[in-house]
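Think of it as A, B, C and D in the order they're written, each chain with its own count starting at 1.
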Amino acid sequence: MSRIGFLGLGIMGKAMALNLVKAGFDVTVWNRDSHKCDELVEQGARVAATPKAVAQVCDITFAMVADPQAALAICQGENGVAAGIAEGRGYVDMSTVDDTTSLEIANAITHAGGRFLEAPVSGTKKPAEDGTLVILAAGDESLYQQAKPAFDVMGKMAPYLGAIGQGANMKLVVNMIMGGMLNIFSEGMALGQKSGLDGQAILDVLAAGAMANPMFTIKGKMCLEDNYATSFPLKHMQKDLRLAVALGDKLDQPLPTAAATNEAFKQAKKAGYADEDIAAVHKINR
Amino acid sequence: MSRIGFLGLGIMGKAMALNLVKAGFDVTVWNRDSHKCDELVEQGARVAATPKAVAQVCDITFAMVADPQAALAICQGENGVAAGIAEGRGYVDMSTVDDTTSLEIANAITHAGGRFLEAPVSGTKKPAEDGTLVILAAGDESLYQQAKPAFDVMGKMAPYLGAIGQGANMKLVVNMIMGGMLNIFSEGMALGQKSGLDGQAILDVLAAGAMANPMFTIKGKMCLEDNYATSFPLKHMQKDLRLAVALGDKLDQPLPTAAATNEAFKQAKKAGYADEDIAAVHKINR
Amino acid sequence: MSRIGFLGLGIMGKAMALNLVKAGFDVTVWNRDSHKCDELVEQGARVAATPKAVAQVCDITFAMVADPQAALAICQGENGVAAGIAEGRGYVDMSTVDDTTSLEIANAITHAGGRFLEAPVSGTKKPAEDGTLVILAAGDESLYQQAKPAFDVMGKMAPYLGAIGQGANMKLVVNMIMGGMLNIFSEGMALGQKSGLDGQAILDVLAAGAMANPMFTIKGKMCLEDNYATSFPLKHMQKDLRLAVALGDKLDQPLPTAAATNEAFKQAKKAGYADEDIAAVHKINR
Amino acid sequence: MSRIGFLGLGIMGKAMALNLVKAGFDVTVWNRDSHKCDELVEQGARVAATPKAVAQVCDITFAMVADPQAALAICQGENGVAAGIAEGRGYVDMSTVDDTTSLEIANAITHAGGRFLEAPVSGTKKPAEDGTLVILAAGDESLYQQAKPAFDVMGKMAPYLGAIGQGANMKLVVNMIMGGMLNIFSEGMALGQKSGLDGQAILDVLAAGAMANPMFTIKGKMCLEDNYATSFPLKHMQKDLRLAVALGDKLDQPLPTAAATNEAFKQAKKAGYADEDIAAVHKINR
């Protein structure tokens, strides 16, 4: 069995790495704050001092960090992955980054002789823990085949989507649809309640029809309880809507309802709800 | 057990009446074209010559006809329900009508001494046959209680929603959300495919996440196969979107994404897709 | 010279009737509150006790009242215009009414043997006083020719637009464009000021280019001074936007920016600015 | 009187430089294709071989080139302006460039010891010839004062707008308003004509009211004649709308009608009208 590295042990990364360890993989972890490695070590993981050190000893190194800056930081520099990756080794960045960053990392890795996959995920803490993430892989197809057993542990599906950039595009498409669904749902709830309908009755009717979906159930409850504890920060959704609309600009694809949704989320940001859950867009609709 | 009437044996009405007969209710049917009564009679139903005649002999008379004009026609006039309904009998109109028509029918029935429920349904042919419609009942609450056993045969849920008009409002809310979901889905599919993603892969990823819902599966397949065989005519969805936006106007409820969706469906109508399925909105987005 | 009647001496009507008197027309006036007739009488007008009495003695009777209800009231009933209008006499309603009301009045007048023109105006108090209204005439073309000399006194242009309903349609088109222009202007002002530009500089640059128009100058000043003293009530603009979008629905004409504008004005109504000037839409954009 | 340089003699630049020569300025010109300098020389201008050579001998050098690439090219490199500009000399780039390019040029010039102004213009060929451009200047204020006499020859107004970037921002704001006005105008024309109104009558009524502006007159004629000979290419307007919406994203400023307008222009691009005049957006609305 191949030796696996895992960089970044935040809420998501820790759960994902733990699943790999529990599944019997030989996992070497690294985290900026090394204390977070302790629990993994207790479960059987090894630790390395730098991203470079991880890459040097592993066949495939996975990474899951907070943002594009962090993703670049662990790849570049004297202690970065690119400095340690040997000919033919693989690097899989599962962080959510923009396409420019993804290309920059891909170039750094391939110039160093490595192979690269971008593999952003759809899903948050719970699916990470349950190993039911949706993994959106794109890039080197041989590395995809090699990484598949690990993907199968971390997620419930991991389609291969094509060249670098297609993982990010899929994520934009999915999140754009999510934002649009959430906003039309919120408008509908607001309209229904203003017309005198009971909010729970609206949720019940939706749950009984062809539109029934877990998101309406979860976010609908949040709207009714006026509790927007953050699972997916609203500002991140607005950023994805913006990027999706920008992708439409690039491809000459009109997206009128996505554009209207983007403006609704901007209004919610302007109103001060940037750090609340995406469901807080309901505060400007209700 | 009370005696039940059923007016209108189109695709929907026939399936609903048949379920009532099979469930053991004593059902008397009427249809404008009386040939359509034959199959019901074979299954044990009685036939009456006019809506009035049905209402005269039944405790509760249900109706399911094509449009507001037909709904008014079977209620009014010398052979109409209002002419036959006796003190305390009930009339339940399950057709989809506008609020003005619903009020007009309600007034005709109550002036004649009857009780009235509007009970439009969500769901098409298949749920009608399977007895899994969602029934949106509003109006006389005692009649609702009395009709509940019949509703339980025809549908999987039948919440009581309040005064006359609330059934129609719920239907507008639900259909507005459906139209908005469908259009953002279509925009997302178009964006994804233009960016080089495989259409089926997009459907698979959506089906694996929190947004998974039967409508995306069904309509997504139609979009990929470019086959828009009509289940729910696009022009009817546009009408509902228009009415929902108008209800928002009345209640001072801004609905920016619903309004953008309405314009998309209008564009589809303008392009000649009025009689195709609602999924044909994809033809203007793709 | 023909004898002219004028019904309704509100802000607009009084100014218009006064211009007719000053131009030498033989004018007979009526107003619900007869005190308002005094100034006209001082200038040489006659007074009649009822709309019927005016119609009985005048070749053409003009009306300018506040709303559809008032327009119907002065036309119908035992003291109404229709009761007094003789064969061949003309009635010109310059009030702003919906198309149903306009048709109802047209029918009442023509059944009584009279001829009818709808002639809603574009312009407020100042143009009414200056005789520079834009008069949107539609209906009986022979009456239009006969009324033209009076239109020329009250307005700077009075095109003949066709059958009954076209005056109202033109007004909707013009007001829809006005609402859209105002909202995109407001969005631009808000964007510019947030980016650090001086508001007056934006107005100056706009005033120097191909988009220069009096409305931007007037409403721009109101926005900069945060003073929304009502000239054209915001709720009336929202109503016109709603009716324009509804006309688009009827004609299968998509109107995406008009629809977005309608939602912006609805948001302004919801925020409590219904009775302020249309420029108050800026309060939700800024 | 100071010595003035002018780089770029395309349609715009040639007209602008000619006006400076005719006004008596001592002008040295350069153009990539030197043949275009001939007419200027006949009128009294001097010629230099490179942008560097112009910058070396002039107190202020103006530039007007086609796009950001060209703007960078004439500034950078061994023959570029930055290589020739001496301490205290001024460079005024009147080309339309994005903010990143503008900053890059500003940095190159100031590092070389020069002073810099960005001064994009509003207006096309005719205003350039007539000296009635609107010049949107931002950057070094002392240079602005020094360049003012030349601005006064080339334009009818040239406000000083603040730090580098504010010229570009003002241009985005103005063009965003222009795009929005044009699209709501087009929607109104389409709605009116579908309802049976005469197109010229709509233009006449608009021309008589508070919204009267040269753009409606010019573009309205193009719409009626179905002639979209390019004055301002539609794709450039769509780009500006996109940048304006992106600026709104950056500043948390919702711009719902600008966003809807952007989608309309994208639809027009998708339909193949990218290189026609902005008025061709009417082809998708009508």
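Just so it is clear, a residue touches a chain if its C-beta (ideal position, glycine included) is under 8 Å from a C-beta of that chain, and two chains touch if they have at least 3 such contacts.
In UniProt terms, the chains line up like this: A, B, C, D = 2-hydroxy-3-oxopropionate reductase.
Please read all numbers here as calculations on a predicted model, not as lab measurements.
Taking each chain's centre as the mean of its CA atoms, D is the chain most distant from chain B.
Homomeric contact chain A/chain B is classed as same-residue, with over half of its interface positions used by both copies. We define each chain's centre as the mean of its Cα atoms; on that basis chain B and chain C are separated by 41 Å. Between chain B and chain D the centroid-to-centroid distance comes to 56 Å (mean Cα coordinates, whole Å).
Counting only residues that touch two or more partner chains, chain C has 248, 253-256, 259-260, 263-264. Of all residues in chain B, those touching chain C in their complex are 238, 242, 245-246, 248-249, 252-256, 259-260, 262-264, 266-267, 269-270.
Partner chain B is touched in their complex by these residues of chain A: 122-123, 134, 136, 156-157, 159, 161-163, 166, 169-170, 172-174, 176-181, 183-185, 187-192, 194-198, 201-202, 204-206, 208-215, 218, 244, 247-248, 251, 253-261, 263-264, 285.
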